[in-house]
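Order as written gives the chain letters A, B, C and D; numbering starts at 1 within each chain.
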């Protein structure tokens, strides 16, 4: 009996160290990216506000609870009180959360309205999800291509050392000009997929027979990686999205190199 | 006209341990026991599936299973845990406790009670058998979104039929609870005097009856779309695949409250006992439960923020979802106010109830974050969501069920469990459950989608942690099994009161509780 | 001497009807809304379910209004069983009748309370709890012992 | 004993009756719903919802909205379809006509069904198609090219912040469904 008691005390300690330790142990990313668009920065800020709000509430609520656990335990010889309701205090802790929620929903509403505003765009890219790759079509610039996983099978099957961008690399990257408002039209050829690039804060479902809209304006050149975010079958985990944002001149050059002559360009994405 | 066995719930079992007793029993305690053991067995099977998932995710790269089988495991794990573990476990608790708590001799519809249990093993046998079929088991996620689900092979009709059976079973259980609570309360047991467990279950039963036909209709339409040429969810014929998601989540969101409301009832019973103080704000607890149930009907589309809804829709569902935090907060505050200035002791049920409050709140916090539609675009379908719903379901519902078992076990079997082992079980479970699910917040925020068998290298450390935690949590539950069996077979005899100062009619019965419980004081003139 | 034995019934059929109505309005409302979008297949399931709920609650109420009236006089013990009207009557000669509390074959299982006369048995108060059964048996026994035979 | 048996039979009959009743009630709900709709007029489709009053037909020549035409092929659909024009600038309240051309590249006759979708979602109910190849399925012989007309109008009530509307068609291959349906029809017609 004594041994079990001691064991339990140790387990309690271990719990605390595991929780605090696990957050610090690994040097890998543990938070959302602020991204490279104005919207993604707003989203990140809102995420952090919500997070810290939760932390503050947690400290207050659990603080009271743990104080109570410490101070009002029977082994200290306390006699229990008998109160069991108080309309005032119950009204207070109904109203305060309500007010906090309203405060939280105001910036959220503002950002959401911005996300839905696709007007004044500079260019359109139509994205079509396939099992299991993406097809991109630059509507105005007449470029279109498929983009699929470029990681070799030998890496996936552990026969070879995994590369730095394991599972997040594609054969043809989506090239976009920096600072331009790009409108995405998203649909699917077969099942539902979702096109997601965390750095652009864009995630939208690709639904067969329906067209969805989203937009992004990247502020910095760079390579931004994402993945399909809706279960779409066997290789759902193997259809990454890679976006390369380049200066406008470089983008124009890229279009010239990759545009197909008008006669060969079909507006329709032709399924293979 | 010799003997007349008038009450139909009065079949006398031939012998206490025959198989016939368990097959034909109409006694609420037997059926409660069957439900609880069934739930535990399913918990082990569903747990093994979770371990298959975690094993594959231990390291990046494909190591053990085929991606299709992996998807099948995620799908089945969810269905098993929801319909096979949490719901039957709560129905089992309802069977055991509701009659004892309201002073009824048995459930109102004892024969239906028997059917509603015995449907389950068949339903799950059918579900599991699909793993051996051509094309494998269902692999489109438990949400069954078309068109992906329609790519399932021969398994589809079997899966849908088995889900119909699960739904049928829970509807029958719910009708039984409603009938019992409404009609069989002892004199003086008014609605506002019922223990909160009974209240939460009554509301849960109401939700179940309201939404189960929606699921039934939805999955039947999937079936006709695949085999009978209808186009409910097929755009080519004028249908809309997104409508299935609306149907599914119209069922699915109330369903998640079905999975948590009875836990609120359990915790509301345990905290006052070990704080030696009456529950704070009984009435507001009842109203909060009602409010949560009501809100659960108008928030479903928050599961589908990325699907492409009109702006007004997104805003409506965002506000409605955030509102849920208010009644949920009221509940947490009430529990803490119950503890405040009490005289607390920390027996195992109390530890699990305290663990519930803290960790369920963590799940609630991430839920509040998920409610913010623009931010949800970043969270949706990532491990952040996985962390969120596991926090409310594992250290939420499952901890509450375990707490309930510890709390009422002495009443059920007449023996005390080993307190030391119980506490060990608590600490091991708590450590490992956090080790499993806390890192999932990190990988989710860092960009790891859910339902993938392989992942990029920056997610590897936390996945490894989660896998270790999952194995630890799974093994800790075997300790629970040992402990329960030990308590049933031996252990110190429990008094009828069991816990000092526990309130409720069930504690006035002897331990173990007699086969038919209670007084329905008759009108004898 | 008369005993009216009845099960406990905590609500009324009316209250049950209210609950059914509230669920029916909710469920049919939802199903109709879906049907308006062409997804009519939820409707039949709602119909089936509300029917089942009604049937279950109705049966419960029926069962709960059952009555057993045990009348004892110097010549006969009459047990009348029924709901609104008597469905079944059994008579025993008072002088030859005993009230017996039979123990259950299974531990912790309630026994049966029977009136036994010349090898005939009739169970009464099957829906009672063990405590009440005991109480009823004591009352009947004392009633029987107080009978003044003519 | 015989009394008991007849009682059991009657009980079983009652149960069977109840089951029949439940089933037929459930089954009847669907036609009953139709009656309900006819009586209350509550059922509406998208077309009816935006039925135009004569006043709305007034052209709003002060406003120009860009309409973008797009097309996708669903799984297994191997037609080559393209809109005549990628985009048009239109005045709300006026009917415009354009067409899509479709070529069946295969060696078999195929039946296709075009399904329209509009972005942004808010514009969906304001885009009125007066004539569209999506109203019916389209049969195209092997190797043939056909021009499919489309007449549409934007409802002048289109929210003022919408100045770009994308009309996207997805083509589905329904050859198989149609032939199955035809077979069924002819099989039934014989009887």
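Here, a residue touches a chain if its C-beta (ideal position, glycine included) is under 8 Å from a C-beta of that chain, and two chains touch if they have at least 3 such contacts.
Please read these numbers as outputs of a predicted model, since none were measured by experiment.
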Contact-graph distance - origin chain A, target chain C: 2
Top chain pair, ranked by number of contacting C-beta pairs: A-B
Distance from chain D to chain A - Cα centre to Cα centre, in angstrom: 34
Chain B and chain D: spacing of chain centres that average the CA atoms, whole Å: 40
Computed distance of Cα centres, chain D from chain C, in Å: 56
Between chain B and chain C, centroid-to-centroid distance (C-alpha), Å: 33
Per-residue multi-chain contacts in chain D, two or more chains: 74, 115, 170, 172
Junction residues of chain C, two or more chains touched: 43-46, 48, 52
Residue numbers of chain B (touch at least two other chains): 235-236, 238, 308, 311
Residue ranges of chain D touching chain A (in the complex, touch as defined): 68, 70-83, 86, 115, 117-120, 161-164, 166, 168, 170, 172
Chain D partner contacts - residues on chain A that touch it in the complex: 116-119, 121, 124, 126, 128, 139, 185, 187, 189-190, 208-213, 266-271
Contacting residues of chain C [partner chain B, same complex]: 2-11, 15-16, 19, 23, 26-27, 30-31, 34, 37-39, 41-46, 48-49, 52-53, 56-57, 59-61, 63-64, 66, 68, 81, 90, 104-110, 112, 114, 120-132, 135-136, 139
Residues of chain B that touch chain D when the two form their complex: 229, 235-238, 308-311
Touching residues on chain A, where the partner in the complex is chain B: 1, 4-5, 7-8, 11-12, 14-15, 18-19, 22-23, 25-33, 39, 42-43, 46-47, 50-51, 54, 57-58, 61-62, 64-65, 68-69, 72-75, 78-86, 89-90, 93-94, 97-98, 101, 104-105, 108-109, 111-113, 115-116, 155-158, 162, 164-168, 190-192, 194, 196, 198, 201-205, 207-210, 212-213, 226-238
